[in-house]
Every structure is written in structure tokens, then in C-alpha cells.
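The letters A, B and C name the chains in turn, as written, and every chain counts its residues from 1.
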Amino acid sequence: MRIFFIYKIVFLIACFSITTGWAKTITVCNTCDITSLKKAIAVAEAEDTIFIKEGTYKEFNIIVDKPLIIKGENFPVIDGEDKGEIIRITADGVTIDGLFIINVGTSYTSDHAAIRVVRSEDFLIQNVVLEKLFFGIYLEKSNNGKVYHNKIIGDAQDEYNSGNGIQLWYCKNVVVDRNIVQKTRDGIYLEFSDNITINNNISTENLRYGLHFMFSNDDVYTNNTFENNGAGVAVMFSKRIKMLNNTFHKNWGTAAFGLLLKEINDAEISGNTFEENTVGINIEGSNRITYHKNNFIRNGYAVKVLGACYTNVFENNNFLYNSFDISYNSRINDNVFVNNYWSSYTGYDLDRDGIGDIPYRPVKLFSYIVNRTPETIILMRSLFIDIIDFSEKVSPVFTPDNLVDERPKMKKIE
Amino acid sequence: MFKILKYSFFDLIRSRWSYVYLFFYLTLGFVLLFLNNDLSKAVITLMNVIIILVPLIGTIFGVMYYYDSKEFTELLLAQPVKRASIFLGQYLGVAISLSLSLLIGLGLPFVLYGLFQSSAIWDFVLLLVTGTFLTLIFTGLAFNIALYNENKIKGFSYAILLWLFMAVIYDGLFLMSLILLEEYPLDTFSIGATLFNPIDLSRILILLKLDISALLGYTGAVFQKFFGTGLGFLMALSALALWVALPLLNIYRKSRKKDF
Amino acid sequence: MIHIENLYKSFGKNKVLEGIDLSISEKGIFAILGPNGSGKTTLIKSILGMVIPDSGTISLNGNSIKNKWNYRNEIDYLPQIANFPSNLTVRELIKMIKDLRNLPGEDEQLIELFKLSPFLNKKLSNLSGGTKQKVNLVLTLMFDSPLIILDEPTTGLDPIALLHLKNLIIQEKAKGKTILITSHIMSFVEEMADQIVFLLEGKVYFKGDIKTLLTQTNEPNFERAIANLLTEQNV
């Protein structure tokens, strides 16, 4: 006990002396002794703070190879002049804070980034603004870091010559929180990255996906907003992803969806809102997923199921005013729909237990017709279509006859 | 013409049928709102009802009024009044009183349920615009049918047939031709085919509002242009206006030649 | 005043008027007679522009009536079957016709004459046939047009009303008007008419006064003379 106490004191003193005694602050400004970040890094020692004053610094290929705190005052501009990568972090424990980085060079051969972290740990990138970029923040084989409260505004026109806003490649235990990403290729892209937490980000107007998972497992994303992207979120070839309380809004277009699931297993999708997307969730070959307490509002298709999907459970979701609630392309159904609220349910509740007395069939015959001949969509809401939908409802021929919600809720689930 | 319109209108305002129609819409509005207590949902249900029911009521009522007011017409024909104004006046009398029943009958319950505070207000306005268009169109078509058929029973049958064709059969044929021709590019054909049916046109207007997300899922470039821009809305509206004008022109033409 | 030339009209296969030539230039009462289906009503309706002739011309005071409507300001017309918009009251109907014609109209006197005041606020659908005919007469005779056309004016009238009607017609004649009447009541025609126009098979078969008719047919009285015309047709 006593020994522990002594250790603690020694440790405190050590900490104190590092911050006041040995570590120093190097100031960079246009009229200072040191006028460039590169030079400051060269003269700095580990644990020093580099303080950059307001101004424009035309630099690129800056390599941060020791644990430094690089902090800007009033967002000093680091202008890469389109010459290539701007900052590369190759040491552990680096903090970048409050910079305005512009003009990352576009290349077809190497992925130039505004800030690249390579094989480093405990990094913190915060309050950084990126504009005119190729790739934004690129984390490569780096773990235990945090990307917090950055603003990344791209000007992507075409997929082939644009980069991603935040990219994680072979990373673990990284937190991506409160960032704003716009007009890049993929807003946030994860490849082979596990245990990543992505919270409170706003990803909009990206060319491809707002958020994209490839071969990444055990990740969580919560409270994010995805709006007006080519598609909101794509989760592919990944396991055990948790998707909670996100908003997927207005992802419109021919191949647009709020959420795309492809070869996904054991995921949890809860409390999300899918509003006005061409397809709310597009599911291909995904199994053992629970959909719980999600809101599907005014989508073209709330849920579109393609290919073999087994043992998925849809429970306590609200399906409100979607053109099609569920669309299937096969006659086989191994998924469970129960206790959902369907705004187009027309049944009654005589025993007043809040559960409709007759089951609801969420798949319409018309959705099959549209799958087969897409132009027929122009006949939606026609009386003739209502009649054939009704006859299919009474005696299912084309739609899976066990695809029913046996316990449809009478009231919207709050 | 405005004198005739005035008298036809007052005549109709006093007829039992206008009240039945008004009462029907009031009931429909209140019942829907009572059952749903949700304006948006009630508006969607109404849209489905309106595009079928308004044409039916428009045709039946139009034909009925024409035959019923035959004596009135003959009385007017002997008066120093222009022929065309008699029929156009009567037509407007029916169309306006039906439209008013629709506007008041549906407007009242929705306003009482807090329409002005609701986001559904534009959907509802669109609903009323479409309903009015359909009333004008189908009353006009009904007058045409009646002008060509002295026989009341025949006139009624044709009116019902017209409605049945436009509301159901047309779309059935449309769907079949789309499926049969599915190997060919069909966007232009399918958009063209809707222009020939005012019920389909109204449906398109409603789709543009309610189902735009689904419509944009289809890849055809013509569809994209039609639905994705204001073009579809404008085209549908102008086609509807044309559908109002053409039967009227024919009423004008036919009424100059007809014997009484 | 009225000049009709070569008027043809058929309804489908049914040829109704086959070349009517008729000229009425003098004032007075003209009875248009003929068997059922001879084209009396069609002729009248052609003059009124309610029936559009296949060929031929009708002119009033020298002007063709084709595609015109203003000339109807000069005509008072009593239709054969008095059916009116059923939702209106008598008062409203009278007001409406006055409004349409943009003329004041002397309805007060006529209403009093036919004792219609108790019915003024009743709907037309609730009136008896005779009362309707009285209303019909009021509507027609309340204006002061130079040409009056009466299609079966006596239908449904009680003797007193009939007497009033006759007086009215005589009054109008005295004002120097041209009055066309169709009727099946021969005594009425005989009493009122100055000239007879007899239509047969869509043509004017006879036109002239009663005296001429009697001499031409060699019959002692009017009714027989008419019957003679009808049987001659069969011969």
C-alpha cells in the first residue's frame, strides 16, 4: 500500500516536470524566427508543442516523426499547392489541432491525403478544416486514436479522381466523432478495420457512400446523419456491426438507398430513421440481423430483399407511408416480421389489445410486377393495381405466403 | 353565359343532390380523420379515393343534370340567348357546384383538424386541385355524352362505361401492353399513355408528391427527366388543362348544330 | 315579316319538312294546322332557331336568322309542354326570364288575370298542369314583341282562363302584331284565326282565310273543311 503511494507521488512529479520543465513551446509565424512547420518539427523535441499563428504556410510533405502537439491559432492555412500529400504522421502520440489545410494534390497513382497517419498509435486529430482535397484524413495501420470534430469539405465530381473524407485501413480501436464530411467520394471509409466507433458525424452529398464498411468487424456507428449521398451507408462483407439511432435521409436516385447490406451477418440495426430514400434498406445475402425500433418514412421501398437472406427479425418497426413496404424477389421467406406498425394496415382490433386481429401482408404483388417490368411503376396507385394487389392479398400466388406480420400494431410505436 | 351560369348554379345549390354530395364528402373527411387522427394518412387515403370517385360523380351528375334540365334548356333556347352560352353556362354551373361541394366538404373537416398547422397542407392543396380538375373534365365529358344521346338510359350507360374504362380498364390494358412489350424501351410509351387518360394524369400528379422516392429508383433517362425535374408536373398539369378545354370546345361545336 | 324559302329538315330517315315556302307579311292571327307529324312544331322551332334546318332559308324582316340569336328578342314563344326547372319558384322563374331578356315585362297584370298570386312562392314542380300552363302564358305574354308564337296554348286551361287567353290574343292582335298559333281545338282556331296555314307531308298544302278554305273544299263548316283536307290526302 505504502509502496504504491510512493510510486504515485513519483509519477505525479514526473508528469509535472515534463509539462513545465523539459517540454517547450515553439511558435511559428510569418515574422517569427521559425516560419515553417517543417522547420519547427526539425528543431522540436519529443513532447514539445508547436504553436502556429494565423497566416498562410505553403508546405507539403510535412513529416511528423516525433510525438508533438501541433496546434493552430485562428486556423492557420497550410496550403499544399496541389503538390502532393501535406502532413504525414509516423510517430505515436501526435496531436494535430485547429489547422486549415487546403490544396491536396490529386494523383492517379498514389492516394495523397491532407493528413495521413501511418503505423502510429494514440493520435488525436481535432478541429481541423480540410478543403480542396483528394483524400482527407487517411489512417493506415494505426490504432487507439481519435478523429474528433473536423470539417472536411471536398469538391468531388467523378468517382475515379476523387478520394474519401476519412479513411481507415487496417485500424483498430479508433473513435471517429462529431465530424462533418461533404462532397467527397465516400464520406467515411473503413477497410479491414475492427472495433471502430463512429458517432455523431454528419456525412452529406458524397458521391458514393456516406459511410462504407468493407471487411470490417465489430464496429459501432451511432447518432450519425447521412443525407443526399449517392447512397447513405454501405456495409459489405462485415460481421457484428451495430447501427444505432442514425438518420438516413433523401438518398435519391437510380441505385440509391439509405443502407446497403451485402454479405453481412449478425448485425444489429436499431432506432434508425430512414426517410425519403429510394430504397430504405437494400439487403443482399445477409443473415441473422435484428431490425428493431426503426422508422421507415416515405421511402420508395422501405426494405428491399434480394437473394438469400435468412433468419432476420424485423420487430417493433414503424413503416409509414412508403410506396412499397417490403419487396422480395423470391417466393421463399425465412425472415420474421412481427409487432411492427404498418401505416397501410387496414385491419381492425376488436379485442382492443393494440394488436390487429388480422395479419398484415407487407409484400404487394405490384412490387413483383415492378421488379419485372420497371416501367409499370407509372401505374402505382391505380385502381386496377389495387384490385390485383387485393386479390393477391386474399390468395397469395406470387408472394411468399408465410410472409406476414401476424401481430401488426394498431398504433405507431413511439 | 354568366346569367345562365348563375341560374344553373342556384338551381343546383337548391337541389337535394348537391347536399348529398357535400354531405358525403363531409362524412368522408370526418370519418377518415376520426379513424386515423393523422392528417397525412388521411390525405393519402383521400387521394386514392378522389381519383376514382370524383370522375364517377362528375360523369353521373353531369349526365343527370343535362337530362334533368332539358325543359330548362328548351325554355332558354326560345329566349334571346346564345346557344353555346346555354350549355357552357349549365356546364359551369354543374362543375362549379360539384367543385365547391368537394372543396367545402373536404376542406372543412381538415381545417377543423388543424390543416394549417400541418405539413400535409401542400399535399392537401394538390388533392383539391386534382379533384377540381377531374370534376371539370368528367362533367364536360358527361355533357358531351348527353349531347350526343337523346336516350337517357343510353346516355347513363355510356357515362358509366366511360368511367369504368378510364378508372380501371385503361390501366389494365396499359399494364398488359407494358408487360407484353417489356423487351422494348418503354418510358416514352408509358408517359405518353398516361396523357390520354385524365385519371392517370391526376395519379401522376399525386405520385410526384407521394412516391417520388420510388419513381426515381427507375433507371430510364426519360423517366428521370419526367419525374426528377419540374417537367412531369408541368406536363401533367397542362395535359389536364387540355382535357378540360377539348370537351368544352366540342360542347360548343355540337351545341351549334343540335336540334331540340 | 317572316319569309321561309325551300325549307328542308329530316331527323334521321324521317323527313319532316320537305320544301316549305311560306311568307307571312301581314299582321293578324295565323293558325298553323296539319295532322300529327306534319311538321308544325318543327317549323315553329326552325323559326325560333331550336331546330337547325338541313337547307333553305328563314328570314325575319329581311334578315336571315342563321346562327343568330338576337332576333329572338322580337319573338314571344309559348312552348307546347310547359316543363320548367323544378327547383325554382314561380316568382324566381318570372324574374329570371325578365333578367335574361333584360326587359321589365308586364307580369303583374297577367298574374292577377290568371289568379296566380297564391302560387308565386311555390316550386314549379308542385304545380298542376293547368297552373303551369298559366305560368307559361304569363312568361310568354308579359313582353311586347311584334311576333308571338303559341304552340298549343289552350292545353289544360279551364274555361275562364281560356276566355282570358282569347281576350289577350285579341288585344295583342289589336296592337298590330303577328301571331302564330298551333292548336287541335278547331273551334278555337275558327274563332281566332284570320288565316290558315295547312301543312301536309312537310309542305304547305293550303294557305288562306277560312272563307277561301270553305269554298275550296266545298264544305259547310270549318271542321269539315279540315277533315276534308285530311281525307283528300288519303285519296
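The criterion applied here is as follows: a contact is a pair of C-beta atoms (placed from the backbone, for glycine too) under 8 Å apart; a residue touches a chain by one contact, two chains touch by 3 or more.
Keep in mind that this is a model prediction, so the values were computed, not measured.
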Touching both subunit A and subunit B (chains) = none
Quick one: most central chain, C-alpha centroids?
-> B
In whole angstrom, the CA-centroid distance of subunit A from subunit B equals 47
Centroid distance [mean C-alpha coordinates] between subunit C and subunit B, Å = 42
List the centre-to-centre spacing of subunit A and subunit C in whole Å, with centres computed as mean CA coordinates.
-> 89
Multi-chain contacts in subunit B, i.e. residues touching at least two other chains, fall at none
Subunit B residues touching subunit A in their complex are 40-41, 44, 47-48, 51-52, 167-169, 171-172, 174-175, 178-179, 182, 186-187, 189-191, 194, 200, 203-204, 206-207, 210-220, 223-224
Residues of subunit A defined as touching subunit B within the complex | 252-254, 256, 276-279, 298-301, 321, 323-324, 343, 369, 372-387
Flag every residue of subunit C that touches subunit B in the complex, lowest number first.
-> 11, 45, 48-52, 67, 69-73, 75, 77, 79, 81, 83-85, 87-88, 96-97, 99-101
In the complex, subunit B touches subunit C at residues 3, 7, 11, 14-15, 69-72, 74-83, 256-260
